[in-house]
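Read from first to last, the chains carry the letters A, B, C, D, E and F; within each, the first residue is number 1.
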Amino acid sequence: MRSVFLEEIDAESYANYLAQSHATVIIPAGATEQHGPHMPLGVDAMLSRAIAGAVATRLGALVAPTLAYGYKSQPRSGGGNHRIGTTSLSGATVTGQVEDISRSFMGQGFNNVVILNGHFENYQFIYEGLEIAVGRARESGSEARAMLLSYWDFVDEGTLERVFPDGFLGWDIEHGGVLETSLMLLLHPEKVDMSRALSHPPAQLKPYDIFPEDPARTPDSGCLSSPVGASAERGQLLLDAVVNGVARAIEAEYSLPVAALEVK
Amino acid sequence: MRSVFLEEIDAESYANYLAQSHATVIIPAGATEQHGPHMPLGVDAMLSRAIAGAVATRLGALVAPTLAYGYKSQPRSGGGNHRIGTTSLSGATVTGQVEDISRSFMGQGFNNVVILNGHFENYQFIYEGLEIAVGRARESGSEARAMLLSYWDFVDEGTLERVFPDGFLGWDIEHGGVLETSLMLLLHPEKVDMSRALSHPPAQLKPYDIFPEDPARTPDSGCLSSPVGASAERGQLLLDAVVNGVARAIEAEYSLPVAALEVK
Amino acid sequence: MRSVFLEEIDAESYANYLAQSHATVIIPAGATEQHGPHMPLGVDAMLSRAIAGAVATRLGALVAPTLAYGYKSQPRSGGGNHRIGTTSLSGATVTGQVEDISRSFMGQGFNNVVILNGHFENYQFIYEGLEIAVGRARESGSEARAMLLSYWDFVDEGTLERVFPDGFLGWDIEHGGVLETSLMLLLHPEKVDMSRALSHPPAQLKPYDIFPEDPARTPDSGCLSSPVGASAERGQLLLDAVVNGVARAIEAEYSLPVAALEVK
Amino acid sequence: MRSVFLEEIDAESYANYLAQSHATVIIPAGATEQHGPHMPLGVDAMLSRAIAGAVATRLGALVAPTLAYGYKSQPRSGGGNHRIGTTSLSGATVTGQVEDISRSFMGQGFNNVVILNGHFENYQFIYEGLEIAVGRARESGSEARAMLLSYWDFVDEGTLERVFPDGFLGWDIEHGGVLETSLMLLLHPEKVDMSRALSHPPAQLKPYDIFPEDPARTPDSGCLSSPVGASAERGQLLLDAVVNGVARAIEAEYSLPVAALEVK
Amino acid sequence: MRSVFLEEIDAESYANYLAQSHATVIIPAGATEQHGPHMPLGVDAMLSRAIAGAVATRLGALVAPTLAYGYKSQPRSGGGNHRIGTTSLSGATVTGQVEDISRSFMGQGFNNVVILNGHFENYQFIYEGLEIAVGRARESGSEARAMLLSYWDFVDEGTLERVFPDGFLGWDIEHGGVLETSLMLLLHPEKVDMSRALSHPPAQLKPYDIFPEDPARTPDSGCLSSPVGASAERGQLLLDAVVNGVARAIEAEYSLPVAALEVK
Amino acid sequence: MRSVFLEEIDAESYANYLAQSHATVIIPAGATEQHGPHMPLGVDAMLSRAIAGAVATRLGALVAPTLAYGYKSQPRSGGGNHRIGTTSLSGATVTGQVEDISRSFMGQGFNNVVILNGHFENYQFIYEGLEIAVGRARESGSEARAMLLSYWDFVDEGTLERVFPDGFLGWDIEHGGVLETSLMLLLHPEKVDMSRALSHPPAQLKPYDIFPEDPARTPDSGCLSSPVGASAERGQLLLDAVVNGVARAIEAEYSLPVAALEVK
C-alpha cells in the first residue's frame, strides 16, 4: 500500500506521513478539454498528475487526487469552451474547490501545500483560492503556506531549443501541439494516435477575446499548433526539465530535508 | 483509443458518440475519506468509477471523470470530517461542481445525464446541483434530464441476505465494512490489506449530530463496522446486483436503444 | 410574559435567562409543503415547533421562531417540489439561515444551540450551516456547540410497534401518513380533517431521483402512505417517545442542570 | 380548514384558490428584535402577520408564513444589532429568502405577490430579492409581478395627528414606541406589559452610523422613544389607516375583482 | 504630487501618511444614473467625490477612488432602474466592493475608514459591507472602525429653510432637483445646462414599490422634482452645511488631532 | 455637454447616442496599486481611461466610468498585494462588477460592449464576468456581444523595438517601468516625478507564486523594472500603436460604420 498518490494509501499510513515535520502535499490541477483528434480529453489532468507524481517521488511528497475539471477553455490558450469535448467549471467553483481542499489539508496538519497546474485557464482562479485559504489559515494561527505553479513555466531556454530546433513560437499556441503531445507520448503513449495528428500552421491568435466565441478562430483540429514533430524523446527532455525545476523550487521554498520524507 | 472513460477518448470520437440520439454520460461522485487501516482513502471514488464503468459498458454510455472529493464526512455515515485522511469540500462547492459540469454536458448536447454517487454525504448537495442545472437548461428550451442515484440503493434484499448471512445491520454503519471492502476486494484487490482489517463491534450511532464532532463517537479504526467477512465473492454478488439494477433503471428512464450506443 | 417561545418574551427576561450558565436555545426547522387533502401546508413547521416547545418546557430551554420554509420537497420523501402548495428554499438559503441565526445566538452568549428538524429534506443543508457557524465561532475563541436532530429519529422500536401494529414500512413513506397525522391529531386536531383522508397503498418509491420530477411517481393524494389509522392516541405515543428521547439527548450532551433553567 | 393563513389550509383548497385568475399571496416580513422591556421580541413578525391577515381578509388574498428573522437591527431604526434579544440574518440571506420564496410562489402560478414589511432594516434586501425574482420570472415568460411595502408608510397625516396629538417626531424613533405599542395593545394585548413601559425622552439620533456600534447611542430601554401614551384605541386608528391604505393599493395595482377571491 | 485624492499620490507619500496614528480614508460612493436632461449621469459620483475632497482637506484625510456605480436606482428615490442612462450593480456586488476595499485599507493599517455616500439606494448594501468588514477585522484583533453617512443627512434645518424658502418637500423627491443641481452648479458648473432644466411639479410618490417598475410613475424628465431655482449660491449654503457637519462628526468620532494629519 | 465619457453627458444625449444601431460602450478597468515612488497609485485606472477615451474619440464610442479598483496585485506582475498603497478587490467582486455592469448596459440596448483592461491581474476575472453576462443575455434573446482586451497586447514588434532599443525584457516586468511611465509622461505628466525614479536591475521573477507573499521578491522601489529611459516621446509611440490597434480591432469585430457614431 505504498504510493505517492494519497488516494491509494490508507489513513494510518497517511497519518504517519503527515506526522513528519515537512510533510508536503501536491495537488495536480487539470481539465477535461479537447486536445485534437490524436489525444484524449484528459491530457491536462494526466500530465499534471504524472508530473506531480514524479516530483513527489523525488521529494518524498504525497500527491492528492487530481482536479479533473478546469476553468472554461479560452480560444487563445485552449481552443475555446465551445468545442465539443470540453467540459468546464465556472471560476467560482474552481476557486471554491481550491479553497476547500487547501483548508482541509491545512486543517489536518499540512503546512506545505503545492498546486501543480496543467491547464492555463485555471491559474488565476486557483491563485484566488489559495490566497483566501492561506489568509484564513493564518488568521487562525496556522503556519501553513502554499505554492502555485504551472509546469511549463519550468521549461528552460536550453530545453526549448532542443525540443523546438526550428524555433519556439510561444506558450500560447502550445495547446495540443508538440509540448503536450511529446509528454503524452512519453507518459501515456497508448493514449496517443499520431496517425491522426494533423499538420497545419499555428493558429494566428488575435490579441483579444470576444463573447460569444467565434469558432472560426480555432483551427479545425482543435490544436493551436500542429503536434507533428512530437516524440517521446522530446517528452523526456521536457519532463526532465520540469521535474528538476519544480522539485528544486519546492525544496528551496519549503527547506525540505528530503531524506526524511517517506511514505512508509 | 476506445474506452468508456471519456477522458481517455479523443474529441472526434466523443463528438461522434454524442451525435447519437441517446448519448448518455454518467458522472461518478466519490470522496477522499479515511476507510480504516485496511483500505485506501480513495475507496468512494474508486468504487463509483468502477461501477459507472461497468454500467456504461453494459449500456453503451460514457463515464465522465470522477468527482474525487466529496462533502464533509459525517460521523453517522463516514466516521466524521475530523479524521486524518479525510479531505472534503463545502456543500456550496459540491453543488457548484455538479451544476457547472451538468450544464456543460447539456450545453454540448447531452440530454441524458446520470450522477452515480458513492459517498453518502454528497447526495443532497448533488441533488441541489442537478435541480438547478436542469431547471436552467429547461428555461433555455433544452430537453435535458438527469438522474441521481447512490449505488448501494440498488442492492436488493436477496443479495443482502447472501452477503450478510448473519443479518444486515443497516446502511449507516457500512462505512469501511463488509460492503465496501468486498467490492474493493473484487475491483481493486491490490489496494486492500485484509491483514490490517480490525474486528470490532459495529458503532453504536446516536440519532443526532453534534458540533464540533466528538471523536469518541467513531471507532478507533475509522470503520463504522468491521470489514471481517468481506470477500471478493461477496463483492461480486454486490456488484452484479448494483450494475443490473442501475443499468435497468437508466435504460427504463431514458428508453435507451442500447445496441445503437457505441464509442467507435 | 412567561413562555418558552422567545418571540413571546421581552428582551429583559430573555437577557436574564441567557445569563444562566446553561442557557439553551432550540430552533425548530419546518417547511411549507403539501401534506395531502386532510392536513394543512404547515405540518412540518407546526410539529417541529410543538415538539421543541415540549422539550424546552421539560428542560427549561427557549424555543426560537420556527424556520417556516424548508429545502425543496423531494419525491422520495415529501412528494416532490412540483406539487402545488409546496413553497421552498434553495439549499444555499437554508444553509445561510442556519449559519446566520446560529452565529447570532452564539454572539449573544448562547453556548448551547439545538436545531430540531421536522422536514427530511432540510437535514444536510442545516448540517452545513451549523458546521460553518460552529467552526467560525470556535475560530474566535467561543465555546459554543450545537446539536442537530430530526425528531422521528427518536421514535424507538417499541413505540413503532405500538403505532404500526401491522408493521412499519419505513420512514421514507411517512409523508402525510400515520406518523405525522397522529401527531397533528394530538397537537392541532382542529387543523386535520380525517374525512378527507384517503386510503391508498403506500407509494412504491424508486431508488433514485430524476430531474425534472415525474409527477406520476407521487400518489394523487400527495401522501406517500395513507393516513388511515392515525389517531391522537398514537400521536401521544409518538410524542412521548420523541420528547423523552430528545430531552435526554440534549441533557446528556449539554450536561444541563435542569432545575436551574427557567424563564422568569 | 378555512383560513387566510396558507399554512393552515390544505393543498387541495390552496390549489382551488390558486386556480382563480387573481389569486394573490401576501408574505409578511418581520424580525426577532428587542422592543424594550414591555414588549416581546417578536413584535415585527406579529404585527406584519396580523396586518397581512387583515388585508388578506379584506381582499380575499392568502397570507404566507411570516419571515420571522430580519436583517441586522440598526441603531438608528431598531436600537442596534448588539442588543441582547436581537437575532438577525445577513443581507444575502434576506435577499435569498425573498428570491426563493417569491420564485416558488410564481412557479406554482401566483402572478400577484406582495411582501408586507414590518422591520425597517429589511426593506432594501427584500427589494433586491423581488427585483431578481421578478426579473428571472419574466425572462421565462411569466406575467408575475410583485409589490413591496412597509406598513407604516400607509399611516396618513390625519391619523398621525390623532395618534400623536403632541406632534409626530418621525418614523425613525418609532422603535418600541407609541406606534408599535399601540398596535400590539390592540392586536396582542396579552403580550404587552405596560407596567414595564419606561418614560424617557426620544433618542437623539446621529445622522450617521459607526462600526462597531456604540451601545451608548441607544437608550437603556432599547426603545428609541417612550411607549407611554400608547393605547389600543390609538392602535385601532393606526390599523384602520394601514389596512385601508394597503388594501386599496393592492386592489388598484392588481385590479382585483375582490368578490371573486375566496378560500373555500 | 500632493493631493487629497490618493490615486494621485505615490506609494511612498501614501505610506508616510498612513504611518500617522490618526490616518483616515474617506471612500466616496456614487452611481451612474440619469439626472434629467440638464445634468450628467455622473452626478452622484461627482458630488460624493467633491464633498469627500472638501472634508478631507479640512481634516487632513485622504480620499479613495470613488465607487462610480451604485445599487439599482429605485423609482421612489432615483427615478428607477429602467431609465436609459442608469447603469447599476446588484446588491451583492455593492456589498462585496465595500467589504473588499474596507478590509484592504484596514489590512494596510487604516484604523479610520469613512464611506461618504451620495446615492440613496446604496446605503443598506454599504452598511452590510462595513458590518462584515469591521466584524472580520475585529476577529483578527484589529482596532479598525468605520463610519457611514449620506451627505444630505448633514443639511441642517436652517440651511434647508434658506435653500428652500418656499418649503422643503422631503429628501425623497430631491433626485435631480434643487439640492443636487445647486451643488453641481457650484462644483461642476460646466457640466450643468440650466437651459434644459424643466419646470414640473414634484413627483407624487406612492408609498410602495412594484416589480417590474411602472415607467409612468417617474416624471418624463427623470427628475423627481424640478431643478428650477437651483443656483451656485444655494449650492454653497448646502456645501458649507454638509462639509462642516461631516467634518465635525468624523473629528468627534475619531478624535482627530487635525493639525497632525497631512499628506507630505 | 459633449464628451466621450458618459458620466459627463446627460441622459437624453446618451439615449440619442444609444438609439444608433452601432452604439458601442468601452469600460476601462484599472486598479489602485503602488507604482513606485515616481508615479501615483492610480496609474492603471488613468491609463485605461485615457486610452479608452482616445479609442472612443476615434470610433465615436462612449467610455463608461472606470473600474478604479482591481484584483489583488500579484508579485510576478504588480509587485504584490502586500505593498502599502495597493487596495484590491476579491476575484468574485471583480467578476460581479463586470457581470452587473455589462448586463446593465446590454439591458439598456448596447449590443457592443468592450472592456479595455489596464491591470494584468484583472483579466481572467473580467473574462468570467463577460462570459456569464453574454451567456445570460443570449439566453434572453439578446444579440449583445462583448470584447475584452489588455491594451499592451496591441503594442507591435516595431514599436517595441523603438521604445526599448536595448531589447525588450518581457511584459511581466513592465510594472512601473518604461512602458507605463512613458505613457504617464505623455498623458499625465504632472503626476510623474522622474526625479524620484530609481535605477535598478529588473526583478528576477521566479516561475511560481507563494502564499503568503515573500516581500523580498519585489524590488524595494515597488517597480519590477526601472523607469529610467521613459519619455513622453516613447509614450506617444506606445499610445499610437495601442490606439490604432484597438480601434481597428473594435471596428473589425463590430463592423462599425464609424462616421455614423457621434455623441450629439
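Here is the rule we go by: a contact is a pair of C-beta atoms (placed from the backbone, for glycine too) under 8 Å apart; a residue touches a chain by one contact, two chains touch by 3 or more.
Keep in mind that what you see is a predicted model, and the values were worked out from it rather than measured.
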| field | Touch-network distance, chain D to chain F, counted in steps | value | 2
| request: Note whether the interface between chain D and chain E is symmetric in residue numbering, meaning over half of all numbers used appear on both sides, and answer same or different. | output: same
| Going by the average position of its CA atoms, which chain sits the greatest distance from chain B? | E
| said: Using mean CA coordinates as chain centres, what's the gap between chain E and chain F in Å? | reply: 26
| request: Starting from the mean Cα coordinates of chain B and chain E, work out the distance between those two points in Å. | output: 54
| said: How many angstrom lie between the centres of chain B and chain C, each centre taken as the mean Cα position? | reply: 29
| note | Note: chain C sits from chain A at a C-alpha centroid distance in Å of 47
| request: At least two other chains touched by the same residue of chain E: list those residues. | output: 90, 92, 139
| message | For a test of understanding, state which residues of chain D touch chain C in their complex under the given definition. | response | 1, 6-12, 14-15, 18, 32, 34-42, 45-46, 64-66, 68-69, 83-90, 92-93, 96-97, 100-101, 104-105, 108-109, 191, 193, 196, 222
| In the complex with chain C, residue positions of chain B that touch it | 71-72, 74, 81, 90-92, 95, 121, 123-125, 127-128, 130-135, 138, 145-149, 153-154, 206-212, 245, 249, 253
